[in-house]
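Shared between the two complexes below is subunit A, which pairs with subunit B and subunit C, respectively.
Coming up: the complex of A and B.
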């Protein structure tokens, strides 16, 4: 019964987002065909009025907006994301090609920020109100307030442009065939270092604070005292009793924060010209490519929502008390 | 084996240091069983935690020495060497004492893994055996703690503490979450395993019956200081410190008859560092208690006490009291060789049939009649019963009949402040104030129209309260209540008694409560004295006298009283008989039955 309720909630959320997805791009001033040939910002049209009318009929844009909304929904149910107006290619293909890069970026950032944030946060909690904690805390507060793209720009200037340690843009060196898998992997990682670092750094502050707070609330718990009384090793007390309990709120928060992370990724991809979905979005918005915008937003939405759903499922697995609470 | 020397534990709080344990010294031998009692916040748990070095933020002064090795020192090392291997603890049962995300087995297994060298298989078998030994089915081993009931969790905690076979077991409130049956089971278990392994025990509990059953020595803590120490049984049955007595009086397992009253006060305001910490709440505090900290003194074999007054004072002592009245023909012995003793803060009920000499005793004690023979001494040397009744903070008596003990021609106010007027105490203003506050204490109105009323305009209950208020204006140290409720209806009687008991508990005066009503005495008295034909035939704690009277006449008295209770259901039947039969027939029916009974019991 309760599970069904949660599911309905998710379905309603998806429907609302779909609608927003559809109407929002169409509220922008302008028109796809004005931009098909013109430079950005210039309103020149390569087409004659006759041609535009023809194209609009072809893409169904001459129909009343409500009817096209319904046909959009109907198409979605059939699994069709539509055809990109600008690239003249199926939206599904474009998204599939771009998606792995974004996922790679986001996963890398989660991994680094979580590992580092957990380590630093626990350290801070154990040395609470001492020098180490104070220094770390100040440092983290400072960094967590800087937006991702600023850090990205800074990295670009320092590590890529000035020092030349990393490439300026892209995810792969193009036009270099005949390379071994290892070389390709190396190249991918080389390209990903700066974007992942920028994205991780913006998340690190939040993770650090979260872990620090969780650990501070766990340390005075009775079971931690029991663990110390039992004469267990420090490592065991910390990992088995402390972190194991911190894992619950931690995982949920990681999944819950995926939305903001994807938002960050969009900005970072634009800064580094990284060929993920984020870069694609800004291109699609520029040219008023409605189907593409809708398609990308839809995929991102579904990803974030499924991450939320997963966090709930995971919580149930990790916390033995939740299962019984439902029964 | 374990030795605490001048141990103090101080928590550095934001608003100044908080001393949880204050200069406690004690020794525990191998196999010894020590109990620690005290109100919550008295430092029991802090003391227990400090033995394992678990007070993270506290500073410890003094030494904790275990088997010749000082545990508290610069580093954690010495503690680490004993934790769970030698000293283990059963923590106070709480939902988070066990880790919520690890199952019971894992939590037991990890101690064995850390401290003992066994294979995984051996450990598993050992854990399951221990769980079974404490009465927890093996099926529960792989469950998470939240699925266990309080009692099962307690057993798991016990198994966890015992599985490394410690030499010293600390139990913090092990039975407070259990029902009576599981409690005795668990106690039996701890007992029998102790017989097997010979560990020493430190038991912290609020349940004095558990303490008495499990321990041989007892420590009473107040505000982190040692108040009393000695053999458990003696301490619980003959407490010498007012605090220990207060704890016992507040325990339903010891005060089974008397109304329960906790010690008044107790918000634990930081006691004056140089005085006795208990002084603000003590019934017998004197000027010295405020600024001199009592030293722990050894009283007798193994018994020590920290009290400036040397323990509970004796306020009144009558020895070999005789009193006879001359009749036209011969004399009547109203008192014959009576010894009586009254401690501070104590309620002594004097019981007996009419004419047994109860009132004579009251009158002799309050100086209304001189005794023919014998000695009467009071708390101060040189004080006699007449001078004691003539001073504030002395002795007062309230009589049975309020109609004759308070004048019907005097106003309420004049009646109450009369003793102060006679003494010429203070100003007339302060006498009036004292009278008003006494009236408030006995729950009489102090509105002007009431104060101007005359005695004859009051009801019996009100007049008895009036005479009580009159006694209270003198702030008595001893109050003798001579059948004060016998002329009141049951409801007024109950109200008056509750007021009186509340006042006694709040002000801590001692009371001699004279009554022929055993039920009433049982609800009121700490100690009971039974009189018969001018002699005291029995004296003892109220529980003992009512449960196990020594003297045959006392037994008879108690039996008659309880016999009445047994016959009570008869009332219903009697009513039925009256309803079924005509009144005359009913009378004869009961007459015949009564005669039969008489014949049966010679």
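Coming up: the complex of A and C.
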């Protein structure tokens, strides 16, 4: 029954979010086909009233809003996300082409910041109040306060422009058709290093502090003293007895950070002209492309909800007490 | 196009790059290919997704239309001085400007090898009348199109107008054998949709990566391409990409101009100032603005040179009271000028019975003039300066900062007292003055913001120039219009930005701006051998 209740909660959440996704963009003042002003130096094509009427009829925007809402829900059940008003393409295609790049960036950043944050946080905890801890703590506090785009710019200038170690922008070398799969993969990783590093660095501080605090609270525990008394190696104590107990909050943090990481990806994708979904969100909002906004937010919602669901499942696996408590 | 929040960050980013680059030594010189006999194999430019380059699917913002124009020709083309023959060898205008006969060039072939016929031209006009292209030059304009003998096409229009030759001449010509039967051209993204008669063919496009690759069409009818391949690639920071040799041309922030000026390796070009900001007045919503003297006082109290210096960092031209920018082909310097003169502004306001400042910045009583100024988040600094200057003559200004789309919608709906709008198109045909000050406010960037202003004398002149076919007469009428606008100030041009562009002449030197558009990379003539001419 509880499982059914949880599932109902998720379904209701999705339905509420779907409705918000639909109505919120339409409540914004402005018109997707209205172009009065542009960015500096930018050329814009203004539409006449007649042209706007034609486009609105073509995209069904001349329908009453409630009828549009029902059509939107009906289309969703048929697996259709609609047609982008600005990009002249199916929303599904646009999202599918962009999503893998953002997922790659975000997963890379999660992996990198988790591994490094865990290692450094544990080191700091083990050497608490000693030089290493003080240096690491100061370093982490400093970097976690710098916005991702500034770190990105710094990396861009030093590692790409000055040292020439990495490409300046993009996710792939353009116009290089005759390459093997391995070469393409290497190229993708080469392009992703700086954006992932920039995004990771902003997450690293939080991860480091979390692990450091957990480990500081774990180290004085009796079972750790017992482990040391048994003569176990420091590595074994650290991994099997220390880190294992840090897994629960760490798992929650990783899954919960998905939403904020997508937000961070918007800025990093801007700096590196990276072709992800983050960049697309801001463009879609700016031009009031309702179907695209709905589609992107729906996908992100589903991703975040899936992450929550996965964290719950993992929690049960990692901590049998949760299951027992329910039973 | 950049996101609203991203825009602020990108501004910081450009500033930081300027700081970092400025503190370093001069630009480095990567090994780059150079021209041979005036020709080059590949030119690389800043990419970004601007849509599938058909006349119907490219995006309304940004340079997508100019990429489309590499593939699709029109009957006329634009060079530095005006319209030139292109797919049409010649044209005649009759019936007081209501009938246009174009003689279509022979020997032109489509990219699929089929010949261009006058029927294709007729089809293109009819199709564009039914389905609006993104650059909808002829939508709702054409009454009838028919072929005549001798490769000629006759077009009858609904109403006569001085700009119709431009509108008809720049309509893109599409192949009837491809587009016939296509009901929704905006979503028609098949490879055949890219068959044109232009000098380039699209060989690679990626929407998500923002890359385009064009190759010269070896059977192009006209001047031969000097560049075989044009590549547009994603660029995060254009100046760094230019210095690394990843792109061959870029615009330069004003702070970085000294880095390239005087260096023979680089050519630095100041573009015509055809992008500008204007302060629009809603005289219906705020009756004091109906008073011409109040508007003149506002103009005298705002230091436009200061805006150029502090906001555009010198890379702009102060706004003209007659609206048209100094680089415009029909620019006329009005007799009445408004140099920054707060004391005169105060005198004018006092003459009108407004109790305001004493001219020394000291307000001597409760200010009677009080306005809301609607701006987008991008114009906050500019608006703060304007607020400060107007405050010195006792005009209180309250800023309302919203996102760009909201500001646009409120201006369209007349829900503002004063507003700042920035857009391009100031170099286009002077008929935009007719749209701005004669017609009802509509949706184009050049036509919004006229609320409550009416001058019957100006209307007569605007109507006359609107249909005048004699260029000399029209120039005289437009000059008179600028005099009236300078006197009346129904809106205030604040400044027109003049971008700097840098390139390496050894790599390629064919760049040119069109007579009504500023960007060097946008004209397809920039890539063609113009010594050949168009015969």
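Descriptive notes on the structure:
Rule of thumb we're sticking to: the second predicted complex is superposed on the first by the 310 of 327 C-alpha atoms of A that agree within 3 Å, B and C clash if a C-alpha of one lies under 4 Å from a C-alpha of the other, contacts with A are read in each partner's own complex, and residues count from 1 in each chain.
Following the convention adopted for this analysis, contacts are C-beta pairs under 8 Å (C-beta built on N, C-alpha and C of every residue); 3 or more make two chains touch, one makes a residue touch a chain.
Everything quoted here is computed from the prediction, not taken from an experiment.
When the two complexes are superposed, the chain touching more residues of subunit A, out of subunit B and subunit C, is C.
Legend: residue contacts after superposition of the two complexes on their common chain; A:209 is shown touching neither subunit B nor subunit C. Applying the stated contact rule after C-alpha superposition, one finds that A:309 touches neither subunit B nor subunit C. Shared-chain residue A:146: touches no atom of subunit B or subunit C. Once the two complexes are overlaid on the shared chain, A:240 sits against subunit B while remaining clear of subunit C. Once the two complexes are overlaid on the shared chain, A:248 sits against subunit B while remaining clear of subunit C. In the superposed model, A:172 lies in contact with subunit C only, and not with subunit B. Contact with subunit B, but none with subunit C, is seen for A:232 once the two complexes are overlaid on the shared chain. Chain contact summary for the complex, subunit A toward subunit B: residues 221-223, 225-233, 236, 240-241, 244-245, 247-248, 318-321, 324. Contacts from subunit A toward subunit C in the complex involve residues 28-31, 34-52, 54-55, 58, 83, 86-89, 94, 97-98, 101, 147, 149-150, 153, 156-157, 160-161, 164, 168-172, 174-175, 266-267, 270-273, 275, 279, 281-283, 285-288.
Across the complex, subunit C meets subunit A through its residues 1-7, 9-10, 12-13, 16-17, 20, 47-49, 51-52, 57, 59-63, 65-66, 131-132, 134-136, 139-140, 184, 186-187, 189, 204, 206-211, 213, 231, 233-237, 240-241, 243-244, 246, 251, 275, 376, 378, 402-412, 421-425, 442-448, 497, 499, 517-519, 522.
Of all residues in subunit B, those touching subunit A in their complex are 49, 52, 54, 80, 83-85, 88-89, 91, 94, 96-103, 110-111, 114-115, 144, 146-147, 160.
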